[in-house]
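Next up: some structures, all given as structure tokens.
What follows is subunit A paired twice: with subunit B in the first complex and subunit C in the second.
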Partner chain A sequence: MDCGTCETAGPIQVVKPDVVEVSLTISDKAQSMLADAFGEDRSMALLVGVLSGGCSGYMYDLQIIEETDQSCQEVNINGFRVLVPNASSHLLDGIEIDYVDRLMGGGFKINNPNADSSCGCGESFA
Partner chain B sequence: MSETASMDIHARLVECGMEAKHAQIVMDLATHPPSKASEVGKRIGISRMDAYNSLRKMQDMGLIKATLDKPMRFLGIKIEEVFDLLIRKSEMDLRRMQEHLDEMKSDAHLALLSHDNEHQEPNFTVLKDRHAIMANLQSILSEAEESVWMMLGHWGIFHLRRSVAFEAMVEAVNRGVVVKISTSLNDKTVKFFDDLDTRIEVRHHEDFSMQGVYVDDEVGLQFINVEKTPTGRGKNDSALLIESKDFLAAQLELMAIQWGAGTSYRAAKARLTEGKIIEPLRLNLGEGSYYERLRTSLERSVDGSISTPNAFLRRSGEPVPVQDNPQAAALSMLGIDLNDVLGGVGIRIGQELANKWGSVESDEQFWTYLTEEWRELGMGEIVMKGMPPESVVVHNGGACGGKPTVGGMFCHLDEGVLQGIMMVRHKVDVLSKERVCTSDGTDSCHFEIQCKTEQIDSAL
Partner chain C sequence: MQTARYFEGHLSVWRGADVLTFIDGLSTNRVVDLRKGECKQTTFTTTTAKVIDRVALFHMGDFVACVSHTPFWDALHAHVSTRILGQDVSIFDATANNEFYVRFGHEQTTPGLHSAKDGVTIGHLESGYDLIVATVGEHVESEENLDSFHEWRIERCVPWAGYEITSKHHALACGLSVDIHPSKGCYIGQEVLTRMISRKKQGRALSIVANDEVQSSEITTQGESRSLAIVRV
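Right, the complex of A and B next:
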């Protein structure tokens, strides 16, 4: 596969993804854990994004914020304000935010129907 | 001479083999001037003729002297001289027996008269009198090759230390024989065990009353009757000397089980002398296959697309801990309930507290101390109903630190403490527990334990 930096390579084409209207769900367990994290104040929002990293592409980033400069869509789920950046909307449409218990400590898990594959460690997707 | 001293000397004379009546006469003449047979008889409560016959017999043995006048009067010798005489007589008897044995061994004709009773069939012998029993014990301990398992009940160590068998046991240890002792330790016997060779392992069992010994897998000696008075001479003690491999195998199996359930000497002594409970705490952590639970939890983890976390939660750039007690969650996944674990630890603490204040005789005083200490430790306010308590309520214990969803298990710890106290102090167990928690929307918390009214069987 051509990396695009050699002399023989053609010009790099940057494809800007379409902004899609996002729908997402949050499992009961995840809502319970978010409730503990948010406390009484529900004026804050949960910003969902994707990060570089992991052995196979991206990992997810959940931030409790007051506001953001990013252009976002807001979804309200059972009182939780969830923000999804438009730039990532094509990646995050249809996700379920879940929480899983593990022997070595639990954590949030994004189930994403858009993910082509999951890496061996399960911490990222491509 | 006091009556107690007199009885003690009389008992010792009898123990040395003297007839009880003769011992009475020795004691009588030691404390009276030369007396006629009728006077002696009158004083010790036997007929004149009986007294005369006994006195003449004792005179022949050199135990008393007689005057030459008529009627004859008898006078005693010093008691220590009586003991010397008895010892010399026994030594002479021993020498004579040894000579007979040597002659028989060297004379082929005499040896032929003996039937060879060496056989492998199980057999037993009834032994009477603690001296005879201990002499046999000494003999079998002297022949021990590998292991000696001693059962010393409540007072057996007294008898052992005062007997010839003790040295035989020490010699066995020095030969490399493994010696184990099962006993029921008490505050009067601790010092005797303290003095034992450290190579001898001692374990304590509650209410263990057996006395005896199993040597290797060949011979056992079991006491059938032991005088109740620990300092008695054991005149009426009896025991069975048993030679049977099958019997020994079965008994040793039972002893191994008993041994496993015993408490180490160090732990038993700490409980007795310091009121501390230091033995390992044994807890039941639930039923079921832990291996299966581990497999289940790992399968969920290794199947990454299903259950592995893949998102960080942050606030102001800092990670937010969403699971307050990951260790508890992990244990829960393996089926281990931390509430039960802390409840068990609480019971142990309660038992120790009850031991600590065991010397407080009044139950009311005991609970006053406990209530005060409970309050001082910030563990809430104890309110009781009845004495012994039918129920104990603790208001505003705050064991969870105000976070019942996270620290609720500490409430179980406090309940366990009270349960342990009830078990030791009042010998009753807990019937039920009720808990009112702020997590249920109430303003204050309390828990109540209802106690059984019937005493539990075994002391803890």
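Right, the complex of A and C next:
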């Protein structure tokens, strides 16, 4: 097998969507839960990203982080830092971050106007 | 033991820290734990579980080699490239540097592993045949057509790309249940396949049939006396 280690194999063009300036909202309930999670320390940020996979093709990726290597946009909502990776900004513009209080399937929930469909558990969308 | 060359092979080289998790999230088999020296087949499917392509992955240490099929590459490329987003995944096309063969009709001793010598890499696949990728110029003794391979496939109900494995059918109907991991979690098409498996209803299935047993339109690989067909079950 010649795997192109001698630079005989060209890179395959990968679709890179345009970076979109993201606007997003966080519901009151979600802000209350974030306040509990962050405490007084507002140096931490909520990273809202998208990964491939899940039943519908894209999965939300929510993390509380201090720093990230990813190229991100930062949105400040009522003192909460929200980071959105530029690579997935086209999928996240206009989202609402909500919190659903249920024994099963509860937790942060993304309402995404860009999603045509989502899977049953709500973690992935297309 | 026989070896036959086929001309529809496609080789892409996938590099980056996120390659295995990326492929795992988009295909039917569990590949996230693939290790250097191992090979495994997995199937990319649409949200309706229709097949995009079945590929063989070779973990080569620094990268993953993906042997797919040229007629399906555009669809597979379109499927994956929009989903890389910010992940560490780069894909290179090494098809022109290689030739592709299948070896069959022998006892496999190390299924799931691959070996390499003098520019010839042999993947011992769980499907019961070997996939050989040889650097252009390396001689591999082989037949120039797949006739014997197709007869071998018919006797063992082994599907092949472009015959049984097409975008017309879902992965179970194509005979790719061996690629469908029962508990790996979500991937595109998983809900549909899991529902069919749990309800034991998959509509159609790959079967070995006598040549006069079914309508010719249902035959996917025609043999001398028996054939493969995707029939209603």
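Brief remarks on what is shown
Note that the second predicted complex is superposed on the first by the 108 of 126 C-alpha atoms of A that agree within 3 Å, B and C clash if a C-alpha of one lies under 4 Å from a C-alpha of the other, contacts with A are read in each partner's own complex, and residues count from 1 in each chain.
The definition used in the following text is that a contact is a pair of C-beta atoms (placed from the backbone, for glycine too) under 8 Å apart; a residue touches a chain by one contact, two chains touch by 3 or more.
Owing to the predicted nature of the structure, the values given are computational and were not obtained by experimental measurement.
Judged by the touch definition given at the top, the superposed model places A:M59 against both subunit B and subunit C.
Contact with neither subunit B nor subunit C is seen for A:A45 once the two complexes are overlaid on the shared chain.
Of the two partner chains placed by superposition, only subunit C is touched by A:Q70; subunit B is not. In the superposition on chain A, A:L83 makes contact with neither subunit B nor subunit C. Touch criterion not met for A:V22: it reaches neither subunit B nor subunit C.
Residues 51, 54, 59, 119-121, 123-124 of subunit A touch subunit B in one complex and subunit C in the other. Residues 294, 297-298, 300-301, 304-305, 307-315, 320, 322-324, 326, 329-330, 333-334 of subunit B touch subunit A in their complex.
Within the complex formed with subunit A, the subunit C residues making contact are 11-13, 21-22, 24-26, 47, 58, 60, 63, 65, 77-78, 80-87, 90-94, 96-98, 116, 119-121, 133-136, 186-191.
Contact residues of subunit A toward subunit B in the complex are 33-34, 36-37, 51, 54, 59-65, 97, 99-110, 118-125. Subunit A makes touch with subunit C in their complex at residues 1-4, 8-15, 17, 49-59, 70-71, 85-88, 91, 117, 119-121, 123-124, 126.
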